[in-house]
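Below you'll find a set of structures to go through.
You will see two complexes here that share subunit A, one where it goes with subunit B and one where it goes with subunit C.
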Partner chain A sequence: MVKNKKALFILIAVLALLPLFTQTKALLNAIILLLIFATLGEAWNLITGFAGQTSFGHAAFFGIGAYASAVIFYRYGVTPWLGMVLGGIIASIIAGIMSYPCFRLKGHYFAIATLAVAEIIKQIFVSWNYVEGATGISIPIIHRSSGFAQRLFYLQFNDKLPWVYICLMLFALVIFLCSYLENSKMGYYLKAIRESHEVAEAIGINPTNYKLYAMIISAFISALCGSIYAQYILYIDPFMMFSLDISMKIVLLTVLGGIGNIYGPIIGAAIFIPLSEFTRIKLGGSGTGIDLMIYGLVIVLITCFQPKGVIGIVEMLANKYKRQKTGGEGKIEATS
Partner chain B sequence: MIIGQIIANGILMGFIYALVAVGLTLTWGVMDIINFAHGEFLMIGMYTAFWMFTLFALDPLAALPVCIAVLFILGILTYTGIIKRVINAPGLTALLATFGFSMFLKNFAQYLWTPNYRYINEALVSGKSLGLGSVVIGMPQIVAAIGSIILTIVIMAFMDRTRTGKAIQATALNKNTALLMGINTKKMYAITFGLSGACVGAAGALMSTFFPIYPASGALYSIIAFVIVALGGFGNIKGALFGGLIIGLTEALGGYFLGTQFKYALVFLIYLIVIQVRPKGLFGW
Partner chain C sequence: MKPLLKIKNITMKFGSLVANEDVSFTIHENEIVSLIGPNGAGKTTLFNCITGFYRPFSGRVVYDGRDITGMTSYEICSLGITRTFQIVKTLNEMTVEENVMTGAFLHTRSRKKAAEITEDILDLTGIIPKKNMLGANLTIADRKRVEIARALATNPRILMLDECMAGLNQTEIKDVMHLCLKLKKKGLSLLIVEHIMEAIMPISDNIVVLNAGKKITEGMPQDVVNNEEVIKAYLGDRYHAKSKKS
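And now, the complex of A and B:
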């Protein structure tokens, strides 16, 4: 069951209308990246926000998705749509293989294990000739005069607008799926596991199985995002796709947006992706690193002064509004 | 005899990794905070040694106390400025604060000192080497390894023998009980962060004679240090020492037998294997 259907539809409608107000390439680019990273955030939220297993290795699934579609198009000219599904399946299988032994580990030990898996996969791709190793793959461009149908088939557009809607479609599907999962039996099981592994086990939930399902779904979605990202920027290499920075970016925007909440990733992405794009465009050209310096400082300031994330600010404002409305006699919720 | 040479290199590198990891394991064990800026602290330690050498012609060995002092202060400032505010925040917030701080430090270094590689070529230990039979070991590596061993022992002794060290351990075990026993836990946290900085400051000075110095030079070591700390068990100094040695040896031997491109993959694989047998690290409990 999907709760708050109305809110979700409004959110998606607003996002769908956004590109109509602008033709600026930089803005459209920011919207596309925002949607891709929000979707990644939703995927990460499933395993970390709901099931409580911190993953620092989601770049691995993202990279596998990107490589799957890029390689079969580059080597055999097969449509990236097929590659997308293939990437999702491969990522899910790898998630399954790595998760089973890793789920025995608790807390930070699990987090470091996922980081280790991502690093191993990166090293393999760096020295794997079939995927062009450290050189990376430049995805071949289709002919200029190709029609829209052909462009859609090969997922290459000479315009940014179709990308916005493809990313939005994926995001909409994923957020509905997450909303459904959150209110399904599985969602409650995952939350029970997050709160206490032992108690969950004692009341008859098999934590390993449910964590595994969450991980597999999460890996599949991340791989889809990877394929779309690769087709969008048309060049991939292992250092870029499997980097710890990508994993941390996903963690960052979800946690600061609001972890364990399906709106968290989109709120986080809506703030951090435009911020990083804006500082990059305005200051990145100098090559002095001042853009990332400011970005890092903003993260530190937000975490220091609003540790609950942006959703904390929203809740605070909502509480204030509620209290004002009831003439200062409204119930003040206990803040923990 | 090349095996002897490789093992010697691995052990020496292992001791240096250990010193970096000891710093990390302190904050991790005592405060349960993963400090993502740890590698950047190392980078600043290396730069401190470099500027002492360039501006004041101070040999990195002589600059060791300066590096330790600078990073000790940086550690305490990091605690009072950032960590203190986020330590009670839920979940991953504290981790993200250190991540943001690491991004800031890395790019601040790039802004101030450009991304160019810098070297200290004319240090006291440069260019010298020691021959033991067919095994030849560079003097910078020997000095760095000996320095690492001494400092690790000093830190261990400090934690076990002194009143402050015991207070830090008590704080790590149970913050509230420690508070009830009259321990100023905030001060203990600040000292822990300072000590953690001091460790990487020393490591930075020792490594500056044989590693290039550039803004991202700490990034790789911080990932390896995470693995070493987890391998040894969080908060366990002995674990960090042995973890460092295991990783140093794995890297050297793996690089020789499988090819250098796989040496880091092997390092992470060793972690995954060990953690299957000891889910809380070698010395964890």
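And now, the complex of A and C:
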């Protein structure tokens, strides 16, 4: 566990130093998106990687978070920080309400249900006048002469660097939380539920409750990401925030990096986000989807040859190296 | 000895099929009770009724003076009755240690305490050398041992073993027998479903025989094996004829 913490600190230190080497806007933008999606991946990993309940509807919580902070700033001028917390709470409540009946479904049916719920929430936002319906909300810009304190208070910066650190802070908090949870009672219980529902019940675990806790935490984190994303791009509409595209991105990058592993989402995001940003910049509008095509291919290859994702490949290589070093007598632990 | 678990007139039906009919028996404190019977006699169904995986059609299960009929399986487990599965359900993507640790978390939140319990249980069941192996890579004998260890880690008062010796070789069966006696010495009660007579006869205090869902007899091992009805139902007509001749 101590080793684990050390690796986490190194990872965060590297990410924190990264922006100092570049001031290119495109690159900073990629880092920000990378961190937001890595955080979303961590959130999704909790419910799907650990607890084994596949959710294809995480865009719902992401969108709710984005809307909560945007609406209260747009309508009442309240700081997005408060909106962020509010969004998290609303998303958690909705996650709780939708999950309780959905957790009766198993496997694919649960995944389909989450997909449907996300779509329902999107339709509600499209026809809801209070949140400007399909037009979306342009977040009001604060005066350009505002000082840094004021900019921080209203979460609007004329520079990308603060965003990198805000996103990094959130990511660091979330990855430490996930690491803590993984090694706690809850982590063990979630994994047991993933492996076998019946065993979980036989050793005294209430599966519904634990899945619910995981879902609520996951939704809360997703909503925080949504708020930050909304403040960062300053414009939201239902089609963008609740899109299946976002749900899928979260799923795919985590699967690519390594599902059920806390480093999975960051590795997946580090491959996927730069790829999509690069194709977007190079090919512009005509290139939309090319990143997804390349990405699809990578996913097919990964799932065929190493279902544990990039992490799985790394583990495999590390084990091989260890075995060579010990003269072929390496332990057979942790390979499967 | 104080009665710990009373099974009173349990009847379980699946549609028109009667899997258990009016079964009653009692498990006392610090006692090994075996449940035997031919395939399809309703042993596993009875297990499921006791542990809350099924809700019995009628009848009561009373544990330590408390009616636990219809409680959920996890509530029953936290009260002190833990079962294993006939078809072993090892948590494949977790190591042996993690498998056992999951059980150990039942009565504690602290990781340190759970690790201590796990260490003790691993020692007791003799799987310390394999604690870092993944569940998926274990042999059937080790899987069965992990199954027992994981159940033991929940610190039960009654441990229910569902055919935990089937498919094991002679040495491995002896190990499990010794383990059962060791557990009895520690004050646990055991309910064992088993087919292997040589293994359960010497360790059981009481044997309950089921056939076609009904209890046909109950008693000390030597009485049960000499019971005509049991010989006919369970050991087969050939054995029955042989025993008559002698």
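In this section, the second predicted complex is superposed on the first by the 296 of 336 C-alpha atoms of A that agree within 3 Å, B and C clash if a C-alpha of one lies under 4 Å from a C-alpha of the other, contacts with A are read in each partner's own complex, and residues count from 1 in each chain.
By our rule, a contact is a pair of C-beta atoms (placed from the backbone, for glycine too) under 8 Å apart; a residue touches a chain by one contact, two chains touch by 3 or more.
The structure displayed is predicted, hence computed values, not measured ones.
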Winner by number of subunit A residues touched, once subunit B and subunit C are compared: B
Subunit B versus subunit C as contact partner of A:256, first or second or both or neither: first
Which of subunit B and subunit C A:195 touches, first, second, both or neither: second
First, second, both or neither for A:305, with subunit B first and subunit C second: first
Subunit B versus subunit C as contact partner of A:297, first or second or both or neither: first
Which of subunit B and subunit C A:244 touches, first, second, both or neither: first
Touched partner set for A:127, first subunit B, second subunit C, both or neither: first
Touching partner for A:204 - first (subunit B), second (subunit C), both, neither: second
Partner chain(s) touched by A:185 [first = subunit B, second = subunit C, both, neither]: second
Common interface positions of subunit A, toward subunit B and toward subunit C: none
Contacting residues of subunit C [partner subunit A, same complex]: 51, 53, 72-74, 77-78, 82-85, 89, 91-95, 98, 101-103, 105-106, 108-109, 111, 114, 132-137, 150-151, 153-154
Parts of subunit A lying in touch with subunit C, wherever the complex brings them together: 183-185, 188-189, 191-192, 194-196, 198-207, 260, 331-336
In the complex with subunit B, residue positions of subunit A that touch it: 54, 101-102, 104-106, 108-109, 111-113, 115-117, 119-120, 123-124, 126-127, 244, 248, 251-252, 255-256, 259, 288-293, 295-300, 303-305, 307-309
Residue ranges of subunit B in contact with subunit A within the complex: 28, 34, 36, 82, 85-86, 88-97, 99-108, 110-111, 115, 215, 223, 226-227, 230, 234, 259, 261-262, 264-265, 268-269, 271-272, 275-276, 279-281
